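The chains carry the letters A, B, C and D, assigned in the order they are written, with residues numbered from 1 in each.
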Amino acid sequence: MLKTTIRIIERPKLRDPVLIEGLPGIGFVANIAALHLIKSLRAKKFIEIRSPFFQNLAILTEKGGIRFPVNELYYYKGEGMPHDLMILYGNTQALTTYGQYELCGQILDVAREFGCKSVFCMGGLRSERMTLTPELYCAATDLETLNKALEGGIKKIRGRIFGAAGLLIGLAKLRKMHGLCLLAETPGSYPDSVAAKSALEGLCGILGLKVDLERLEQSAESTRRVLESFKEWKIRERPKSLRPV
Amino acid sequence: MLKTTIRIIERPKLRDPVLIEGLPGIGFVANIAALHLIKSLRAKKFIEIRSPFFQNLAILTEKGGIRFPVNELYYYKGEGMPHDLMILYGNTQALTTYGQYELCGQILDVAREFGCKSVFCMGGLRSERMTLTPELYCAATDLETLNKALEGGIKKIRGRIFGAAGLLIGLAKLRKMHGLCLLAETPGSYPDSVAAKSALEGLCGILGLKVDLERLEQSAESTRRVLESFKEWKIRERPKSLRPV
Amino acid sequence: MLKTTIRIIERPKLRDPVLIEGLPGIGFVANIAALHLIKSLRAKKFIEIRSPFFQNLAILTEKGGIRFPVNELYYYKGEGMPHDLMILYGNTQALTTYGQYELCGQILDVAREFGCKSVFCMGGLRSERMTLTPELYCAATDLETLNKALEGGIKKIRGRIFGAAGLLIGLAKLRKMHGLCLLAETPGSYPDSVAAKSALEGLCGILGLKVDLERLEQSAESTRRVLESFKEWKIRERPKSLRPV
Amino acid sequence: MLKTTIRIIERPKLRDPVLIEGLPGIGFVANIAALHLIKSLRAKKFIEIRSPFFQNLAILTEKGGIRFPVNELYYYKGEGMPHDLMILYGNTQALTTYGQYELCGQILDVAREFGCKSVFCMGGLRSERMTLTPELYCAATDLETLNKALEGGIKKIRGRIFGAAGLLIGLAKLRKMHGLCLLAETPGSYPDSVAAKSALEGLCGILGLKVDLERLEQSAESTRRVLESFKEWKIRERPKSLRPV
C-alpha cells in the first residue's frame, strides 16, 4: 500500500523543539497563524510531506505554473529562547480518517526524530458572535501543560476537536508527548485574521516568543488568494454566438 | 497498512475466562452494562486497543484534559466462580466494515491468547413499546450455549445483529469459540439503563455472577455525560454586538 | 491488510470442471438457479470463503442459531458428462469495488487449482415486461464459447454486466479462461423463479446437464426466506402501555 | 493489498520519448485526441494496465464479446522527429483518490523505465459558450516548458485540474519530469471533437508532429459508441401482456 512520504531536505540541530500545527481548518485560524510565524521569523523549510491521502488535483498558479497538495515543516532557531520551533504548514489535510491517522502518525514520528517532545495545535472554535477580541480556549494532554495556558488567562473548554489538531494531540498523548490545543472563537466561514491573531498571541505568551503581529492581515490575504485559486475557473467573458455545425 | 494495536499492560492468569462485549450501540445497552460490571467488580484494565479505524478526534474532558477513541479490556478474577471475566469496554466502534473485521478479529485473537473460549455480547433490540420490564432475546453459535439461555427464560429471536456484537459472535463461531448474544428491548434513542439492567440480569443468571444492580443508574448517567461531551460545544452566552471593522 | 480466506474442506479430483456462478444479484436469478442445482444434484460443499469485504453482521436463524456472510463452492461429479461442476453459492457479494476484485480473483485462482478452464455466470436482465417465457441473452469471452450459446437459440446482447458476474467473466478472460454469461429477462424486484428456470434451462442445454426443474420453485422459496431474515426484526405484538418512571 | 498491474507486451527502444495522456475526462477531449493519434500514426500497443481501482463490470460488445476496464500504452517511432511517442489510452480512470495516486504513479514509473522525461496531458475546460474555434489554455511544471506553449499562442490559465491529468502533471513534477497541460474549451457534456482537434493541434505544434486531423470526427464517433455501450441496455420492444400466474 502507498504511504505518506517524508522527504528531509535538511537536518538542523534543534534545541528542545516544539511542533506548531498550522494546517487548514475552521476559519483557517491555524493556517494563517502558521504562515505569519514562518514569514515573520523567516523560518526555513526542511521537510516536505506528500500523501496518497491528499486530493488528486493540481492547482494552477497565476504564472501558469502548478502547485500540488503538500504539507511542509519549517524550523526556526531562536536566540535566547528555551525552545526552537518546528512549524507544520500546508494547503490540505488528509481526505480520509485512515489517511489522517497515517499522516499525523508520520508527522509526530519525524518530529520526535528531531527531538520534539511537545505539540501545540491551533484552531478555530465556531461561535455565533462576531468580535474583535475573540475568546481563547484550551485543552491539554496533562495538568502541567494545561496550567501554563490557564495562568495566561486562557479558558478551559469541553467538546470535541476534529481533524489534524485533535488527532495530533491525541496521538501525541499516546506517544507520551505533551500537547496543548489553543482554539480561538470564529464564525469560521472565511479566513479569519482576527481569530488567528488571538490564537497566535496566546501561543507566543506561552512560548515566550516575540512576533510582530501587525502584518498578520497579509497572511490572511495570502490564504484568501490560495482559496480563490481552489475555486474552479470559468470562462464567461465571451458571447455564446458561435455554434458547431 | 496501519493496524489496530493491542497493548498488553498486564498478563494475569485467568481461569477459563469468558469475554463480555460492552461497546457503544443501540440504546448503549452493552456499554452501560459493561461499565457497571467494571465498577461493581472493580475489574482491572489490562489491555488497551487503538485503531486507525476509529474516529479522528479528541474529546475534551471537564477538567481541560483530553480523551481519545479507545477500546479496553478489563479482567475480574472471581472467587468460587467457574469463569474469570474479560470485559470489553470503549467509547467507540470501528468506523468502516473492513475496520470492524480487523478490530473484532484482533480482539478475539488476544482473548484466545488468555484462554478465552466463550464470547457474550449484549445489545439493544429496537422496540416501539416503552416498558419497565424489557423482554430479553438471545441467539447463539451452538445448541448447548443456546439452551443455557433458554433455560433461564430468555426467548429466541430472528433477524440480524449489526456491528461489533454481530461480528464478534460470527467470527467467534469461525474460530470454534462459543458465542451468545443477549438483546434487551429498548427504544434505543437514549442511554437506556432499564434495558441494560435486563441484559445484565440475563448475563449474571447464565454466568452465576452476583452483581449489585442498584447503582446501575449511575453507569447510565456516566454514559450520558460521555455522550454530552461528544456533542459539539457552542458559545451562546454572549451578545452578538461586536463586529470586526 | 486482511484478505479473503479460502478454506478447502475436501480436495476432490475433478474432470475438466466448469465453474457456475450463483451469487445474489438482480432478481436472484443466479442464486435460485445455483441453489436448485446444488439440491437436485446433491452437490457437495468443498470450499468455504470468508471475506472482510462482506457485511459486518450476523443473521439469526429460526432456531436461535446464527449464520454469517459466506460464499461457498460445491462440486458435482456427473457420470457420462464431459465436465464435472463447481458451483459458487453464497448469501452475499463483496461490498466494495476493491473487495469484488479481491474476492473474484481469489475464486478464479482456487477454481484453476482444481483444473477449471471455463466460467459460466448467470444473472437477471432488467425488463419492464412480465412474462412466463423470459428471453435469454448471452455474451462470451471468445467466439467459440459464444457460438455454442447462439446455436442453442440464445440471443446476443449489448450493455454492461455489473458485480460478480461481470467481474468473473472479465477476470476469466485475463486469465485466458473461457467465460459465458447467461442473462434472463426479469422485473428484478423479487426472487424470480421463472427467470431462474430460463437461465438454468439455457445452461443445462449448453453443458448437456439433465436436471429436474420441477422443484425449482422451492429454491425460490428458500431464497425468499433468507431475504426475509435479512429484514430487521421488530417487536410489534405488545401494547405500549407501560412507561419507565 | 492488490495492486495495479503493468503488463509489458513489447520492449521497444524509444528515442527521448514523451508521454501523451488520453484518458476519458471532461468532453472526452484527451480520449478522442489520443485515439486519433493512435489510429493516424498506427501506434502500437506495448503495455496493458489493469487495476482493482477500476470499475467492477464487463462491457458487452456488438458481437456478443466482452471488454473490460483497461488502460493501455501505445508507442510511435517517428522518422526525423526529436521525440518518439508513448500514448496513454483507456476506457476508464481509477475510481478512488487513492487509486488515482497508485495508478498514475505506476504509469509514470513505467514511462521513465522507457526513458520518458516529459508528460503532456490534454483535457477539456468547461466553458458556457459554444464555438468552432475553442480557445486553448496551458499550465506547466516549469518555465521552459511553459514558454514553448506560450510561444505557440496558447494562453495561461488559473484554477484546478482534477483527476489523472492534474495528478500526472503534479506527480511528474515531484519526479523532476517536465509536464505540460493543454486544456481546450468545451461544454463538456458530449464527446467534443471540435475541442479535441484544438488540443491536438496545440500538441502537434509543440512537438513538431504532423498528423492529418481530417478524420478526427471518426474518433469522436468511436468514443460516442463506447459511451453508448456504457448505458444500461433495456428491453422495450415487447408488450407487457403476459404475466406469471
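Note that a residue touches a chain if its C-beta (ideal position, glycine included) is under 8 Å from a C-beta of that chain, and two chains touch if they have at least 3 such contacts.
Bear in mind the structure is a predicted one, so any value in this text is a computation, not a measurement.
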Which chains contact both chain A and chain D? none
Comparing centres built from CA atoms, which chain ends up most distant from chain A? C
Proportion of interface numbers common to chain A and chain B (over half same, under half different): different
Here the gap between chain A and chain C, centre to centre from mean Cα coordinates and rounded to Å, is 52
Centre distance in Å when chain C and chain D are each reduced to the mean of their C-alpha atoms: 37
On chain B, where are the residues touching two or more other chains? 1
In contact (per the touch rule at the top): chain pairs: A-B, A-D, B-C, C-D
The answer for chain D against chain C in the complex is residues 1-2, 50, 52-66, 68-69, 95, 229-236, 238-245
So, in the complex, the side of chain C touching chain D is made of residues 1, 97-98, 100-102, 104-105, 125-133, 135, 138-143, 146, 150, 156-163, 165-167, 169-171, 173-174, 179, 181, 185, 194
